[in-house]
Amino acid sequence: MTPLLETRGIDKSFGPVKVLHKVEFSAYAGEVTALVGDNGAGKSTLVKCVGGIHPIDAGAIYFDGRQVQVNSPRDAGDLGIEIVYQDLALCDNLDIVQNMFLGRERRNGLLLDEAGMEELAERTLSSLSVRTVKSIRQQVSSLSGGQRQTVAIAKAVLWNSKVVILDEPTAALGVAQTAQVLELVRRLADTGLAVVLISHNMNDVFAVSDRIAALYLGRTAAQVRTADVTHAQVVELITSGRSGDLGLKNGVTP
Amino acid sequence: MNQVKELPGEAVAAAKQSPSLGNSLRGYVERLRGGDMGALPAVLGLIVLCSAFAAARPAFVTSINFANLFTQGAAVTLIAMGLVFVLLLGEIDLSAGFASGVCAAVLAVALSEMGLPWYVAVAGAILTGVVIGVVLGTLVAKVGIPSFVVTLAAFLAFQGLVLVLVDEGTNISIRDPVIVAVANKNLPPWLGWAMYAGCVAVFAAVQLLRARNRSRRGLAAEPLSLIGARVGTLALIAGLAVYVLNLERSRNPALVSLTGVPIVVPVILALLVLWTLVLRRTAFGRHIYAVGGNTEAARRAGIAVDRIKISAFVICSCMAAVGGVVAASRASSVDPNTGGSSVLLYAVGAAVIGGTSLFGGKGRVLDAVLGGAVVAVIENGMGLMGYGASVKYLVTGSVLLLAAGVDALARKRAAAAGLR
Amino acid sequence: GGESGQTSTTSSASAQQPQQSQKPGKIGVILPDSKSSARWETADRKYLEEAFKAAGVEYDIQNAQNDKTAFQTIADQMITNGATVLMIVNLDSGTGKTVIDKARSQGVATIDYDRLTLGGGAAYYVSFDNTKVGQLQGEGLVKCLADKKAAKPIVAYLNGSPTDNNATLFKNGYDGVLKPKFDSGEYVKGPDQSVPDWDNAQAGTIFEQMLTKEPKIAGVLAANDGLGNAAITVLKKNNLNGKVPVTGQDATVQGLQNILAGDQCMTVYKAVKKEADAAAKLAVALAKGEKPQASGSVKDPETGQDVPSELLEPQAVYADSVKDVVADGYVTKEELCAGDFAKKCTEAGIQ
Amino acid sequence: MNQVKELPGEAVAAAKQSPSLGNSLRGYVERLRGGDMGALPAVLGLIVLCSAFAAARPAFVTSINFANLFTQGAAVTLIAMGLVFVLLLGEIDLSAGFASGVCAAVLAVALSEMGLPWYVAVAGAILTGVVIGVVLGTLVAKVGIPSFVVTLAAFLAFQGLVLVLVDEGTNISIRDPVIVAVANKNLPPWLGWAMYAGCVAVFAAVQLLRARNRSRRGLAAEPLSLIGARVGTLALIAGLAVYVLNLERSRNPALVSLTGVPIVVPVILALLVLWTLVLRRTAFGRHIYAVGGNTEAARRAGIAVDRIKISAFVICSCMAAVGGVVAASRASSVDPNTGGSSVLLYAVGAAVIGGTSLFGGKGRVLDAVLGGAVVAVIENGMGLMGYGASVKYLVTGSVLLLAAGVDALARKRAAAAGLR
Amino acid sequence: MTPLLETRGIDKSFGPVKVLHKVEFSAYAGEVTALVGDNGAGKSTLVKCVGGIHPIDAGAIYFDGRQVQVNSPRDAGDLGIEIVYQDLALCDNLDIVQNMFLGRERRNGLLLDEAGMEELAERTLSSLSVRTVKSIRQQVSSLSGGQRQTVAIAKAVLWNSKVVILDEPTAALGVAQTAQVLELVRRLADTGLAVVLISHNMNDVFAVSDRIAALYLGRTAAQVRTADVTHAQVVELITSGRSGDLGLKNGVTP
């Protein structure tokens, strides 16, 4: 089975600091792949490389088996890769509906189809059980942390994409909302998308993921099936880069 | 003790139901008190200014002065309208003033030296604006030089260009009747009324259609009564303005009759509507706000940021060209000072006074018109006061501060109420 | 066309009636700026006000600060305010003509003050001859260079603002005198640059660079006293002051002091009071509904029509004639002879 | 297979150990390639400019022209240094140019009309600057009017104030020998060398002490070799400059001797060091950066944002006063144009060209000096080219764009390497 | 026992939207008080009111039994209230050390004591087990999400304060770092401080808190001792505002 999204040997430096070392990562259609790692391991950087935000120094990105160039977020969008970034990236001066459709506005001829967008946004948001948003015409600058995060997630799942990457999507969410998002993640994978979930919460990871990829100090420590590992093993991979047979040996993935 | 009552979910509920007129009015007052002041502070500043001048000089409230106001403020307002686009991105265009000078000079050369018909000359001026905008925008967006530096360089270069075009300091007279009419002639009174009727009708129709559409889809729509009130207010104010402008205002009616809406008024109105539509109702306008609010978020949303920036500069320079044509018309001539001296600062000032932020992401074309009105009223009023050079500068500065201060205090009160 | 239309406001009141019998109209005056020269605000305004007050007419004097838009706005506002006579110093003929046309269409009489509006058709024109001013400057420099016995001197031009039409007229004047000398090889043409906005600070830099490029500059034609002073400051730094003659214009205190100190060779004095008085007389008469007579006329080169004119002669001032300016009351002895200059004043015979 | 090797923790380790010279140099090159370009782009632009002018006009590289450069650029540079503080906050001061004019006029009136001694007059000018700064800062920080509008109003009012002070347009001569000396005289050569020696010694001592202190506390400190290299470079460049300025540059040495470092040079240097210290090594400076970077974060950290803003405006106006004094000295006179026309745009341009951001939070006083140098070189070089007015404007604009373009491309290359 | 920090009947509206309704909340010295509630319940708003960022519309704040006016963050700091905000509020253009000491720089006479601050910052950060920060002279704009959060926490605990409020401090943290922060929270309370912890993670809440206060739609639903309630009860309080005897009755806390 070819992975839908694959990175091979990605290197990335910020000036003198090398953040990613030959990172290997694959995500398969119809599966949830969890990407885990300590703070500063390079998870978000890897995602930004795939999303065309950071140019990569070496290595290659494969989409559906073909090597692709992702030089800008546009390229990623054209491939069908949709990303919820950890730093959310919403326009504070726009309202919820405007943010959700940003860059892909619905039109009625030349003009915007405001009513249509509002309707669709309302439907998507309510499915994510956000009950406290007063109006979806509210500016996102006035939203609470969890509400912002919900908007960002709603924005990403609105489209017909092939890969959805979520960078710590539930960090600011309440109990009910978290459950809703995890369910959504599972549902997306079940409809045939490749879903990548970054999370520090092992319970969540084990609850929804099919595979787990661990990064340690910018290196791929392991890529395993969730069923094959235990909670403790994954934590060990995260904190020390190895766990028994698994993990880094001589700095390379076996 | 165990009887649990349903909690009030008013706010959520209120958004769902179609609000009544009373509801909407109450909402408006609450919004005001809550800090979403919209155009109110600028309008307040304007009212204070007008009252002060009217008290000091009765001539301020004559119909001739009212008509003068429009032609006096037109050029700066038009340039400010274009600047709003660039300011919305968080960029600046210092060269807009002299860009208008260059375009005016192109117009003058085409008309007076090459003898071309007026529409060709105007097209040439606007085309010059497009070229200027593309060059500036490309330098800012693609090469990455800060817009302040690019347009400072352009500010210098365009001064040279104007000098070249008008032959090192002579000035070119414009005698083409159509061009001269733009800033110096008025519409026949019947046409003023006809336009008035058309505008009000279209406005009402658009409002009604939108409300129908929204309520058909089950979205919160404005009640008919509110729409009626809004259309009525517009009809009243605009009607009053047309009426006053259609009064005879010649000092010597026997010699010459002077009535009607100045031609620049429909020009400004048309452009105001056009650009407001572009900013508020098209994807392009949405993207302008997005880039200005958070460039990185816009880029991640797949917006071609460079293209948006270049387009904004093109619009700015085009509006500068239009402003230049109006200025040339008003002066019936073009010389190396056209678009120079205070034009740029007044234009940027107009946009900022109206409420446009220099940091990008916040502002409307209407702001530029309101700010332009403030600038025009100050200039007009000061002209009636008859001060000496130094006092005039001092008082103009203070009056500007006063108008902006009223605005700032209104906003501040609102911010203290919670919103920022 | 110069006289047409103007007098239509005269109505029935005849010119011979005593002044008090009918309330005279209001006079509006638009001055061009306050930065190219001090004269507008310090001299013209003062003298015009005095004359209008003496005649007991209402007046309104404003300054357009070198801004065409402001110029037109002020004109609009004066007419709104009820002016019946408009006296303008145009910023350029184009705007000037617009203003005059608009005024005439409203029955307001116009006077061109100091600058003729080409094709404008004002009722009267009162001025100094600006080309003549330049000519005096050129002749002055020739005289000073002759005094210094300079052989094949290099002459630098420090022209006025490139956007000021008067600067062009001045230049025409002194070019008319000096160009033949360049052509004949008697003088050598040096650097020739304009100073934006008549800005003295920029003039300093511009002249310093002229001197760096052409160290042997032996004469400076500076278009006014401020530019002259900028050149003198740079010359002083190189200890060349007094050795290189510099011209000027406007007979400012600064210029006259530089002349007394021997750093400046000459300036051009324009008896502003005479000009103001002449113009005020015409304006007051028009305001009272009379139709005054002008002493001469000037042909408008654009329309070919004669505009009734009062033309006054500018006067060149050298070290020995500084006292004439003081005697005229244009500058006071107190300002001129402050501090170190007391002795020099005595030497120059200033009472 | 089971032999697990220790993972390389180089980066963390490297930061801990005291780096060697080679290491540091490598680090510098990496930093450069990584985008932390520091002053390099501006210096690059400057070198390109100077080479171009030197090629076009040999007179450009004479010692007299070198000395001219300093006095010509001094006033704009000083004003730009003050503007950096306001720009760091994300505010702007459009009135800085005319504020310098007002202060210069105060100086001139005190000297020439009231006959006060020079130190009183200078104190009066600076005090005027303080008052102006307090007023502007209060209006911006407390009343909440956007700084663009406040300083636009001040820009107008100060023009009137200058006119009042110089009596509606007369030109006041300054003949006080001390004031005139500031921009027109030079230090005796021996004093130049003495200052040079003092500066180099103090610089070396400070660097050494800091390194000692840090290594004593076990923090990463710079190696002696790097400090040596840095001090050596400074000593070499400064020594060369002093040497060239101490050469005889009179046209006519028999008549007058013209040697020595212009007096404005130590003035600028002293202020550069002072303000750099304030910005980099005091809590106040830290707070300026914090307010400019994130006002809300600064407020939450308990910083008195209003006070910081007012102080920045005071510093800006004070430096404008100093710039005004230097400008008055250079022109030996004050007139209504002092501080007018292009002074403000050139000063803001200087700060921005040097790398200061108009959005706040990024910039150094050194930037203003480098940018001021770019502006001065352009003006100086253009003066030598002897173009007519129109061509001069056109070429000046293009040259400015060229210098900024070199800078922008250098930064862009760096940004592409990863940092932004 | 008087609470160290107490709010009585706090109301807060943003324009037409009323976000807090008569909120009652107390925190005691030597205890960890958890503040829980759904997304948009008003937790962060309450904290910002206490921190002097938002002016309150009605009600009062009591500190150590005395009513106090908190009109600005300065006032809060002077009282000894230290807050880690959810939106972190770091200056992106400053480095880690500069951010940690912002507003309270150490001085050597007039000049800053850079070396001293660097030393202290290094010590505090390493106690929070941040291992991947390359240099503490790095600009915070280049930090990963978890690293930023650690800096914000380190900044707040550096001072001798009496009340420490942490708004979702562990949202972006890895497993090890979360444990470290929870331990720190406990340690702070044990040294006699009043600690307020906002979190959506019930495990964390139950692990460290002594009391739990629940907000529901801007109203105080309950304030209870942690020992007296179960996991499920708290979740019910959060999602529906009541749980059996506990919770809102007629819109007021019993």
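Each chain carries a letter (A, B, C, D and E) given by its place in the written order, and its residues are counted from 1.
Everything that follows uses one rule, which is that a residue touches a chain if its C-beta (ideal position, glycine included) is under 8 Å from a C-beta of that chain, and two chains touch if they have at least 3 such contacts.
What you see is a predicted model, and the numbers here were worked out from it, not measured in a lab.
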{"item": "Both-way neighbours, i.e. chains that touch chain D and touch chain C", "value": "B"}
{"item": "Chain pair, D-E or B-C, that carries the greater number of C-beta contacts", "value": "B-C"}
{"item": "Centroid comparison with chain B (C-alpha atoms), farthest chain", "value": "E"}
{"item": "Approximate Å spacing (C-alpha centroids) for the pair chain A, chain B", "value": "43"}
{"item": "Centroid spacing, where centroids are CA-atom means, of chain B and chain E in whole angstrom", "value": "46"}
{"item": "Centre distance in Å when chain B and chain C are each reduced to the mean of their C-alpha atoms", "value": "39"}
{"item": "Multi-partner residues of chain A (at least 2 other chains)", "value": "14, 17, 131, 134, 142, 217"}
{"item": "Where chain B touches two or more other chains, by residue", "value": "11, 163, 168-169, 388-390, 392-393, 419"}
{"item": "Residues within chain C bordering two or more other chains", "value": "34, 40-41, 45, 162"}
{"item": "Contacting residues of chain A [partner chain E, same complex]", "value": "14, 17, 37-41, 44-45, 86-87, 130-134, 142-147, 150, 168, 171-178, 200, 202, 217, 235, 238-239"}
{"item": "Residue ranges of chain B touching chain D (in the complex, touch as defined)", "value": "90, 92, 94, 139, 143-146, 148-150, 152-161, 163-164, 168-169, 345, 348-349, 352-353, 357-359, 388-398, 400-401, 404-405, 407-409, 411-412"}
{"item": "Of chain B, residues touching chain C in the complex", "value": "57, 59, 62, 64-65, 68, 72, 75-76, 163, 168-174, 184, 250-252, 255-256, 327, 330-338, 340-343, 379-380, 383-384, 386-390, 392-393"}
{"item": "Of all residues in chain A, those that touch chain B in their complex", "value": "51, 53, 72-74, 77, 83, 85, 89-94, 98, 102-105, 107, 110-112, 114-116, 118-119, 131, 134-135, 142"}
{"item": "Contact footprint of chain B on chain C as seen in their complex", "value": "8-9, 31, 34, 40-41, 45, 60-63, 65-70, 72-74, 76-82, 91-95, 97-98, 102, 105-108, 119, 162-165, 167-168"}
